[in-house]
Amino acid sequence: MSGKIAKVEALAEQVRDGTRLALPVDYGGVPMALTRAIVARGARDLDLVCVPISGLQADMLIAAGCVRSIETSAVTLGEFGPAPAFTRAVRDGRIALKDATCPAIYAGLQAAEKGIPFMPIRGILESDILANRPDWQVIDNPFAADGNPDPIVLIPAIQPDIAVFHAPLADRDGNVWIGRRRELMTMAHAAKHSLVTVERVVDGNLFENEELAAGVIPTLYVDAVAEAVHGAWPLNLWDRYPIDEAAMRAYIACARDGTADDMRRLAAKAVPPQPYPAAAE
Amino acid sequence: MSGKIAKVEALAEQVRDGTRLALPVDYGGVPMALTRAIVARGARDLDLVCVPISGLQADMLIAAGCVRSIETSAVTLGEFGPAPAFTRAVRDGRIALKDATCPAIYAGLQAAEKGIPFMPIRGILESDILANRPDWQVIDNPFAADGNPDPIVLIPAIQPDIAVFHAPLADRDGNVWIGRRRELMTMAHAAKHSLVTVERVVDGNLFENEELAAGVIPTLYVDAVAEAVHGAWPLNLWDRYPIDEAAMRAYIACARDGTADDMRRLAAKAVPPQPYPAAAE
Amino acid sequence: MIATIAGLLEGCRHVTVGASSPVPGAGALLARRLAPADRPMIVSVLGSQAHNMFTNGGVETFDCAAEGRIDAFFLSGGQIDGQGNINLVGTGDYPANTVRWPGSFGSAFVYFMIPRVILFREEHSRRVFVDKVDFISAPGTSSAGIHRPGGPYALLTPLCLFDFDKAARRFRLRSVHPGHSVEEVADNTGFAFDRPDEVPVTPTPAADRLALIRGTVMDEIAETYPRFSADMRAALPAA
Amino acid sequence: MIATIAGLLEGCRHVTVGASSPVPGAGALLARRLAPADRPMIVSVLGSQAHNMFTNGGVETFDCAAEGRIDAFFLSGGQIDGQGNINLVGTGDYPANTVRWPGSFGSAFVYFMIPRVILFREEHSRRVFVDKVDFISAPGTSSAGIHRPGGPYALLTPLCLFDFDKAARRFRLRSVHPGHSVEEVADNTGFAFDRPDEVPVTPTPAADRLALIRGTVMDEIAETYPRFSADMRAALPAA
């Protein structure tokens, strides 16, 4: 039907300099093949929005000098330790930092999804996160009983220009199956455009199977889909294939000691190993 | 595991007088068997919340004198015409009426789901719906550019005591499969308790199949499940079995001309016909 | 009528139709058939399972509209007045209306958020088209400063087609259907409206479009509106 | 330690554990095993697929907490101070911290909404337990009038167990683990805390519980925290 199926490089071209880019959480389906293509393209001044935290993806983009600012609740390589490029860039003040807390990022995205200018959220009051976010506001709850101001935080809508993520399956029309990973759907609804890589593009239409349909993001929200086998490598894709520990260690060494050029070279030549390493245990 | 599987009558007992009861839209899976049991139990002073509209279910409860108030965007029997008991009760002023518009009801439920006191929503300004809803508010958008107040409507949280609905499938632990009918999930998250009837209770756990899991409401939100084959009858259940036109006409006659006792009698003896009528065409 | 609706939908990428509106549904399905390959049109029929790609429940229709992803929607009204206000609640004084209709559905929201809201009513009478509605389910226009990317775009009846002029806050007669006259429209309309000196006749669909309606589109409609398409087939002159 | 955690979770219906916290995870799995049949306990391990029955994406954890459907959660901190404030962001002056940690995650929200937030840190030192944190990711208590159904409930370290007294806004030493002393706790804690005259020793798990931990619970943990359970098995005295 529509020509939504494209190459990974073509998707990377659409991520122009200065794009506000939404990234998924590490275990949620990270499009590392697309990320390497974005790095190889030499994208600059990206404003990252981590939904709600990131790891290897944000760190690699930062290491390769693609990032102007980052809004996140955390950046970490999990059991592989701290994210080297992120930690260094924050300390050197090289990237603008908007610290948040996970539900606040969801609230901002859901506001954009619903076309409202802000979303109220409980908690966060009297924290230094709030104190360092002049773009958030606090009002008294208009529905509070008299005599009790009941202050509540308001998060402004977050509308990414582009959301990128990796999923197991899509059909030729551009419908993408994400199962229970509904944060990917929230990102796609909130963002102006979505660029998706998948393990497999199938013929037929995902809506023909009502059980599959329950976990599908309709093509209405998807601008382009590219097939990328092991597209999350070296990260795992859910429980379908495991994280590649050797590749992670190679990344960490480069991010910690190398230059932006080193990272661009690493990104350009890194390819999933054949055969793919079995689960660690 | 837990004893969440019960009889329809036991579920009806839990709907005590004065319950704020959330009802699903007619094509969304309406628990008519449970509704008849609630009528047969002689429930009174129910405050209905239609998510976001209702038809036969609300009209039957009104006809049988169970309803004190109703919050809805519409009550209609669709191609079978207006809802007789609702229309009469509104004209006689016998039930308190909170007219709404569909997205406002979703906004109220999503506020309760998120534990926030209100949810902003666009539109609705300068309408007579808003003029007749003293419980809704309007504030100027705190994030608006200077000089432009940009008024926006705030909907207070709607937290039903009990949500009731009918679905194809549940397992013995109380996990319920609802496929794409996510408004049922929103109801279950927003309500304090959920009582669910299903076509079939299966052994095993719905989470074992990742595709099915995408459309499941976890047992965490479900208080009790009862098996009720053709539990939506005489309404259809999605496209699984059709509406029973003869039974609908019998209902309309009773609701238009009969008394509350007539309706209770109709509810008490109405049982899905065997074999079930094939699709109308 | 179906061809006129298809014309009104030209260029739309996503059209949403209520379950119980077969004529607009048929018009949308025809428009989708005519949409150019490089600009495909999606038609979502609310409440149906086949023609509906929403996967986040009923709220998604409204979120989608608020994201600016729905270009056209159909609304009707028990009463519609000269300022484009629509009344889906009832006549007499609210809430104990003398005549109570089902309710406002999503009108108070979509009337603000969707650019081309096409009003459609199969009864053209002074009872329906009144000077002032008894209850405003959704206002035709909004005061300055109110966020409103959408609103009434056209009003289609069995007699004629109106455009809605947002600045003037009035309807403007665009054309009268074959076999009907401007006077007939004026006699049956309770609100004042503008009109060009020469009011054209609504163009009838070209032969190829007519064949299309009676052929493939008819089958597609049958799948979603079985009863409606059966009646239409019966009403067709013997081919 | 795992048995102590299970004790802290008694009576909870739903406990949520972060993916990278194996000891709390093990404690929660033990508590679930011990929960009475008529009051089963659900344990959700965030980020895992097997031990996680959320189906509405990452936001559901927080919505669920806000609905009051999560009874206990585990948090830690690069720094924790005497008022229960936790710092997950870094030391020195923000934002160019001299030492930057990953970030606050969901702490600024769950610390308000979940009744029993159990603080857990495997390093008991003055570096971690400071008088005043450099950055408040989530405050230990809130001013009057702030909606806050939840907060810090206990602080567990390798040396001891503290309770948190909301009214006094201070920790209170509940017990010291076998082989450790109150003085050792005082020497390694940078904030003032209350204590009873006689500080009891943290009870060691009864033989049956110990067997349970080393048996069925160990297998369950292995499924979620493979590396952790392998290390634990190695550390066990030869049975």
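Letters A, B, C and D name the chains as they come in the text, with residue numbers starting at 1 for each one.
Simple rule for what comes next: a contact is a pair of C-beta atoms (placed from the backbone, for glycine too) under 8 Å apart; a residue touches a chain by one contact, two chains touch by 3 or more.
Since this is a predicted model, take the numbers as computed values, not measurements.
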* Asked: How many hops, at fewest, get you from subunit C to subunit D via touching chains?
  -> 2
* To do: Among all other chains, pick the one whose mean CA position is farthest from the mean CA position of subunit A.
  => C
* Centre-of-Cα separation between subunit C and subunit B, whole angstrom -> 28
* Structure fact -> Averaging C-alpha coordinates per chain, one finds the centres of subunit B and subunit D separated by a number of Å equal to 40
* Once you find the CA centre of subunit A and the CA centre of subunit B, what distance in Å lies between them? -> 36
* Asked: If you look at subunit A, which of its residues touch at least two other chains?
  -> 114-116, 121-122, 150, 152, 180, 185, 210, 213-215
* Counting only residues that touch at least 2 other chains, which ones in subunit D make the list? -> 49, 54-56, 60, 62, 66, 113
* Asked: Given which chains touch which, is the overall layout a line, a ring, a star, complete, or other?
  -> other
* Structure fact -> Touching pairs of chains in this structure are A-B, A-C, A-D, B-C, B-D
* Residues of subunit B touching subunit C in their complex? -> 25, 27-28, 51-53, 72-76, 78-79, 82-83, 86-87, 90-93, 97, 99-104, 106, 110, 121-130, 132, 148-152, 180-186, 238-239, 280-281
* Structure fact -> subunit D residues touching subunit A in their complex are 19-20, 47, 49-50, 54-60, 62, 66, 88-90, 94-98, 100-113, 135-139, 142-143, 145-148, 226-227
* Which part of subunit B faces subunit A closely enough to touch in the complex? -> 107, 114-122, 137, 139, 141-144, 150, 152, 154, 156, 178-180, 210-215
* Would you tell me which residues of subunit C are touching subunit A in their complex? => 14, 40, 42, 49, 53-56, 62-69, 113
* Complex contacts: residues of subunit A adjacent to subunit C -> 1-2, 112-116, 175, 185, 189, 207, 210, 213-221
